[in-house]
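You will see two complexes here that share subunit A, one where it goes with subunit B and one where it goes with subunit C.
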Partner chain A sequence: MTSKSKKNIEVGEAVGIVAAQSIGEPGTQMTMRTFHYAGVAEQVPTGLPRLIELVDARKEPKKPIMDIFLKEEYASNEAKAKELAKAIECTTVDKVAYVEEDFDEKKIIITLEPSELETEGVKAEEVFRKVKAVAGSHVEQKDNIITVKAPNASLRTIRRLTNKLRQVQIKGINKISRTLVVKGKDGKYFIRTAGSNLAELIKNPHVDASRIYTNDVQEIARVFGIEAARNALVREIKQVLDMQNLNVDVRHCMLLADAMTMDGEIKSIGRHGLSGEKAGVLARAAFEETVKHLINAATKAEDDKLIGVTENIIVGQTVPVGTGLVKLKMKLG
Partner chain B sequence: MIVTKMIDRIKFSLFSPEMIRKMSSAKITVPDTYNDDSYPIDGGLMDLRMGVIDPGLKCKVCGGTIRSCPGHYGHIELVRPVIHPEFAKTILFILKSTCHSCKRVLIHQEEAEELAQKIERDIEDEMKSKTKKRSHCPHCKTKIPEIKLLRPTSFFKDNQSMLPTEIRDWLAAISDRDLRVLGIDPQYARPEWMVLTALIVPSVSVRPSITLETGDRSEDDLTHKLVDIMRINQRLEANINAGAPQLIIEDLWELVQYHVTTYFNNETSNIPPARHRSGRPLKTLSQRLKGKEGRFRYNLSGKRVNFSARTVISPDPNISISEVGVPQQVAEEMTVPIRVTSWNIEDCKKFILSDNYPRAEYVIRPDGKRIRVTPSAREEILATFGAGYVVERQLMDGDIVLFNRQPSLHRISIMCHTVKVLPGKTFRLNPVVCPPYNADFDGDEMNLHVIQNEEARVEAEILMKVHHQIISPRHGHAIIKPQEDYVSGAYFFTKQTTEFTKSEACQLLAMAGISRLPKPDRGDKYSGKLIFSMLLPKELNIKVKSKMQKSKDPAEDPDSLIVIKNGILVSGALESRSYENEILEQIFHTRGPDEARRFIDTSTHMLLEVISQHGLSVSLKNYSIDLESAKKLAELQDDMKREIEAAIVQYKNKTLERSPGLSLRESLEERIMQITSRAREAAGVLVEKSLGFDNTAIIMAKIGARGSLLNAIQMAAMLGQQAVRSKRLTRGYRGRTLIHFKKNDLGAASRGFIFGSFKTGLSPTEFFHHSMGGRESLVNTAIRTARSGYMQRRLINALQDMVVAQDLSVRDSRGVIVQFKYGGDGYDPIKANVKTEAPEEIRREEHEA
Partner chain C sequence: MRRKIKRKKKKKISHLGEAISFAHTSVYVNGRLVGYHENGEVLLAELKNRRRQGAISQQVNFHYRKSTDELFINTDSGRARRPYIVVENGQSRLTPALLEQLKRGEISWSSLIKLGVIEYLDAEEEEGAYVALREEDLTPEHTHLELDPVSIFGVTVSILPYPEYNSSPRITMACAMAKQSLGTYLVNFNMRNDSRAHILYYPQQPLVQTQPYRLLGFAERAAGQNFVVAITSSYGYNIGDAVVMNKNAIDRGLGRSVFYKSYETEERRYPGGQRDTFEIPPPTTTGYREERVYRFLGEDGIISPECEVQGKDVLVGKTSPPRFLEEITVFGVIEEKKRESSLVLKSGEEGVVDSVMLTDSLAGTKLVKVRVRSIKIPEVGDKFASRHGQKGVIGLLRPQEDMPFTADGIVPDLIINPHAIPSRMTIGHLLEMLGGKAACFKGNFVDATSFTGDREEEIRKIMKEYGLDEYGEEVLYDGITGKPCKAKIFIGVIYYQKLHHLVSNKMHVRSRGPVQLLTHQPTEGRSREGGLRFGEMERDCLIGYGASMLLKERLLDESDKTTLLVCEKCGSIGYHDFVKNRDRCPLCDDSRLEPIEMSYAFKLLLDEIESLGIFPRLILRDKA
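The block that comes next holds the complex of A and B.
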């Protein structure tokens, strides 16, 4: 067996480039197909589109998904888990009722659908209460019809109010649009949701906040901090590659995630993130937005200290990487 | 290479008009280029003081010729100043941040000091927020006018047009101290320099004119633009001198501004691009720098080289993996510089004296003079020849070269090979090294670079040699490994039943270059296992389950467990995993790259002989299932059809069970997809059973040599469901894919299920459906390559400066620490055992599909 130190990486090794190549090279072999989380969300990006999404550090993923693990009594009780799932799911008036406006009478008619009320587990009174809280005093309920009167409002405000009423949240947690109870491999139930809202869900006493997970890395950074986001990034990148059966060493994913998070916020790979903040003017100019960088450099009288790879290639000097890092002075003659 | 001078830093700044005039070697006075004798006009745009591009002429400044004169700047005196369009935004910022009357920054002293204290600051944003609500200057209390910029270059003060002269005077009046507050270094970038009074003219070497075959001269786009500027500038001057009305002067002034704007950037928004006579937009300064074909990416980040060759590649399994077969023609054309010492002087002399192939092309004397070796020059060269000379001789066996195939997606796309000169006109490559290059031999071409100095040669040999790259840094597994037929060969060779006579055994061992014959282990016969064990190092110990499991009971199949004990293959027939990865990787880790290369070379040579003797072929028979299975398959298909029909009926009755979160229609689709995929799986079992383990096609698929079970199913049984966007086919006509089906027919055949196999053939509708799926994957591949290419470019650009420091931390070029220890443990993915030495426990909850 080789000793530990013999396994160490060589000093000067261009690990950044190796990581970039190791993640980028299999990109051509990745599929563009979307993934289907049965019952929760369709067309969840996987493969290349998802990898690009991660690397771009988008504000929100195209399809946020959460896995909510539960505390013991809920985790092994399907009925209780389902109950919780239903309670979490965000239900709006729109989902349980048909909303229309009557401009002649200057009123809004909300027709509740009993079947939908039942599936969503919402009572008509609750809807009434929530609508009233938004629309004010001119609200009446008669069986399954809620009427909102707005005698003095203009047509435009009626339309605006209607749209507002449609989005009124009756129950559940904002942004969680769908929930599904899934039985995990360990036999325990957990809730998978479409839409993500970490901050609210970790407050729920039945949720195991130590294991809760979302694929929204930015949200993890906001709620749990940058270290957690870094780990989530590593995990998400690795998972995307694993799903395509592409074998990539975690070290590369880790370096990428560390580079993206080293300043305490998630920075994208590209001109608005890491590459745009490089030290060298020439390096930035050679990447994208050439003229802009040159002009700015001139007004600010910037110095390019030629410390990066690109800058030295441009001026035709040895690159400060690998063997190019070794400096030796020799007396001639 | 001895580096005696290095560029330490590059300062960016603006040119002042005085500087431009000082730098200029020619003031341009004539808006023209050449006279009727096609001689550069004095004071014209091709003035000889700005350099020469015509052979035979001499530069008036440096006396150099077309080859030696680097070119010199000229300048144009603009009669009226114009705004530099690229700085318009900066000018706007400065105007907005300063007072039009007292020319001081619109913030209090304290605020300015506070601003200077901030470490990370976007001065522009800070200033904007600070001056926004202010209506009067804090210093002189005058009202602040509203400054507007109408792109690209028109400024307005309280909706009154501002002339560049006015702007220039304003900018010039701002004190140095105030400019520093705004983040501008007045020593290098006085804002009034952003309003041009003198325009710098690049040397003619930058904008050479070309002579067409007809003898006509065609000027560079930049020259055209400069002529325009000169012409209007002169007209403006004439009009001013003649005392023309203000309106006409301003019109011409505006025109100069337009030409200057397009001279800098012909893609400026809100103005029409200047066009060539042919209607093509001119390529001006900004366009020259920008983008993939611009100066930065095309000429500065990527450079052209000499001493390179390119031709088609073809396979040669008989050369070593670290060799490359070079055509004689190429070897004769390329040269290697050899430094003459007392040890090699005799060889060098031989090269000089030779008329034939390994010949010296040039000799470089210690004084740096390069002399071509010709029969007549020989004597003169040899007269003073000795140590210190450099001989450039033709490429020979054993020389070190770099070999590359594009696209170079990772570092192993370019590796160091040893030259082997061979007849023929193609580069010869051992097929084992195809995977890192991602090469095949359907017409691929590759590039070869001959290394030109000792330092590079040493680096290439130590860092880039093929056998050092056997393990890929991407995943820590072998990437240079014997595949396909070698794997098949290894399997047949090491099967329990394989035996050889003494002469056969001798032949095989000889192929691997082994001269020692072991004692026979099967009476007077030699088992394949015994002979293969001769290739293995003594300390090798492996125990893996074979990919090929013929039965559930391991006792029934002695080949199913691969055991190597102290370098002897005890049991098991090798397959891809054990041969390509386990054995090879272990040899690499314990014995090193050279030994690993030896193992690949010798084992492939031996296996090549084995597979040639044994033979391996597939025929139609290998993909034919027996009658009974065919009957079962038909039944299976009927069952599937019936099941789908039943589901459709349920759907129509609305009795179909809805899956959570799906509409009824979606539930049906999901159901049908389940049914069809189940049918394909069933067909797979049927095919596997019917074809059996004696079928070469199945063997190759199972041992990981070539092909897959899916291939066999598609050829022998059926193609199955075709899909576009992971859904059954729907597009085409209204409610159907083709007119051959009923409208809104949801059945299997109508929605792209193919019952036929490649062997039976496809019906016309099936064929069409198959090509629908095929088209999608074609389109996807095209999009994917573009998208992943850009992603990789971004990744490389963001991470390229990250390097392992002395303490194994990873730092970027500024020295900022990215990782305290590379990968958390400092291990190299190439050297560490990837399976047992993962750097960090990555917790993974059960994620089910």
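The block that comes next holds the complex of A and C.
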């Protein structure tokens, strides 16, 4: 037997159940510890909440985070890295100015804060230009005050416009709310951001697009494809478990990620994902919403081929794993 | 009372109206606003003073809440109140002179209350009190003094010896376990028919006891015995909170108890004039049991005392009228087929009939109460506990000759493991052992009242006096080899309680047995002779292991396996027509039916799916 074939899992091994148990058992420990740690502030969801987030295939993580690695000249120069970080950071009008509406005069007054402008590296003219692009012609600037007049608008439109103006983006990349330059273990600088926008950032010439990383698995699937998303899932799940000092073999996480991504899109574990799409009627009915599945199956005159484990347990037959797979075939004569 | 106060208030409190209410104290009687006063604190002091003088009833309590400037007067029923000694200018009102009078019996508790030396506070008035625990702690700010430091505890804790030396979780556990201990819960147990009752054969009062223990009269209703206990390992039989007990000590009556269990039944009357009858059921009765279970019954169908009964034996034979009125038979007579409804001893139990009582029930029907007694001698698996939250089950009953012994020939009754001590921090346990040993030599009880009991030094002094190791350690000799143990071993006398978790009332096995009517699956629970559930997670384990055949055996062959006939043509479930002696499908006229093995639960599922209006078919195929 070669060393490679030794590593192969034997035919009939119930890898799914073993993976589920292997992740689930330390997971119970984690639950208990999470309750124990109640009240400890968290920057990013870790532990059980994060694991649930991953397995549920949420559209967006609670706290999206990116690690942007840079091309050589930026990576070894802190000043340049910081400059880039500042340029990436998404700045809105709200961040550099105080926006209030004057319903009497039917105008919106935007008071720019010089100190904020400086730290964000934004010029007043820039703000003016962006505001004008959104609000139209009746915009005036006088020193640090931009006034938007809307003489014919209703009060409701003024309120709506105000809210819109607050969110007007002056510079940076959408969704990247904060940036931080971090010195990596290799001595190279990289940028860590709150908020994630892969598609835009990989266009940036100074960014090393081959190493860029986000914890938003769905976004990875959109930008880099499902294979990348599968790898990201494995990495994220493993990271969560490692952080809690739970020794789970990666291959269990890999199986989980494979199961979630095998159809080309990220599917959640549970009623709306994997378990809700099992092949057998009985298996689905045994999980949740029994009657719904039975009636749907009846209207389509579905057959249950009794392929899965659950189905066979229900009808009282041997289960097609392990010893249940072994069959004797004999041809007489 | 309320009227009285209101009158007083009207004199003192002017109804000033809304405008000045902010500047004045609001006064409430039993939660209802009755008026205002210029100065709440002055009023409070005056009210309290009057109460102490006896002008206002002792049962009225006052509380002034400064933050909201409100004065509460409570006179209503249902307030929990407790006594305190009144303190004035840092001086207890219970003076040595009064104490002396009290000792001589010249004055009583109630006169102290009348004198305003002792007063009862409710929860609200306590908020305004500053209570000192001991007299020497008194300062001018104090308003009250505890009668005794123990009084900060409730009844259950105050009975525990040396609780101040133990960690608090262990105290909680000790309290919980004291309530499970066997003793003499009542002295007239012989005349009662409690549904279950345990009585300890030879209860003893503890050698190390507390004042409240005596005051509350527990010494007359003891629930435990003084054991000679050694703390050492014992060939591995006391690992993990197991204990080794001396077999001979048990034979001498240590930890022996009786268990009484009462059964009752009555001759019920039914609408329509029918009623149950106590009798030996005739063999024609529906549900007639084996003949032998009726062997103890007298002519009246009732068992007599001192019969040795075992599980499933009938205590009272009884027949009931049929549940539904029978149809008239061909001969035109109504055939009365009676139902068997005897009173049966629970399966797995055994004992001796202790008493049989015949009376009338409230409804005027004949009522029988049968009390069965069984002696419970300590056996492996019975639970014992000290009063320090140190519980354990017997791991081994060792003959006295194999137990370790001291130079004086003392053999322990019980051996607990040293590992039970450090992590639980029950120093009180050790101290009680030492105290118990000292008490044995001196012939006195040791006082272990919390905070005020005999100190360790005093006990050590006694130990020295009698020439013992002052720490209670002695050389023990191994009972098997006769050689002295290498280390000195802590041995003493401590009060142990037998708890009512006895294996004999819990033991349960099943290899085969009854099944449920609906599902054909094994029943659940010890009382129904049930099996242990092979649940979802257990199922997952077998799948994970790949043990397909074992899984099928558990879930099908050993559970609710049935063989049903399935139509090859339409896939519905058919049956065998015994009249025409052929298999029949309910849908097809002429088709072959195959016997198919399946779980009865699956058959039920199919039925239930049909009830949804869905027709499930079983498509048959030869096994590949």
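The rule is simple: the second predicted complex is superposed on the first by the 310 of 333 C-alpha atoms of A that agree within 3 Å, B and C clash if a C-alpha of one lies under 4 Å from a C-alpha of the other, contacts with A are read in each partner's own complex, and residues count from 1 in each chain.
We adopt the following convention: a residue touches a chain if its C-beta (ideal position, glycine included) is under 8 Å from a C-beta of that chain, and two chains touch if they have at least 3 such contacts.
Only a predicted model underlies this, so the values are computations on that prediction, with no experimental measurement involved.
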Touching A:12, do we find subunit B (first), subunit C (second), both, or neither?
both
Once the shared chain is lined up, is A:317 touching subunit B (first), subunit C (second), both, or neither of them?
both
Can A:303 be said to touch subunit B (first), subunit C (second), both, or neither?
both
Touching A:291, do we find subunit B (first), subunit C (second), both, or neither?
both
For the overlaid complexes, name the partner, subunit B or subunit C, with more touching residues on subunit A.
B
For A:21 in the superposed arrangement: first (subunit B), second (subunit C), both or neither?
both
When the two structures are overlaid on chain A, which partner does A:238 contact: first (subunit B), second (subunit C), both, or neither?
first
Common interface residues of subunit A with subunit B and subunit C?
12-14, 17-18, 20-21, 291, 294-295, 298, 303, 309, 313-318, 320-323, 325
Report the residues of subunit A in contact with subunit C in the complex, numbered from low to high.
12-14, 17-18, 20-21, 291, 294-295, 298, 303, 309, 313-325, 327
Of all residues in subunit C, which touch subunit A in the complex?
539-541, 543-549, 551-552, 555-556, 561, 597-599, 602, 605, 609, 612, 614-615, 619, 624
Touching subunit A in the complex: which residues of subunit B?
2-3, 6-14, 86-87, 90, 183-185, 187-189, 194, 265, 286, 289-291, 294, 296-297, 300-301, 303, 409-411, 459, 463, 473-477, 589-590, 659-662, 670, 725-726, 780, 783-785, 787-789, 791-792, 794-806, 808, 810, 812-814, 816-819, 822-824, 826-829, 831-832, 834, 837-840, 842-849
In the complex, subunit A residues that touch subunit B
2, 6-28, 30-36, 38-40, 48, 51-52, 55, 67, 69, 178, 180, 182, 184-186, 211, 213, 234-235, 238-239, 247-252, 254-256, 258-259, 262, 269-270, 273-275, 278-283, 285-287, 290-291, 294-295, 297-310, 313-318, 320-323, 325, 330, 332
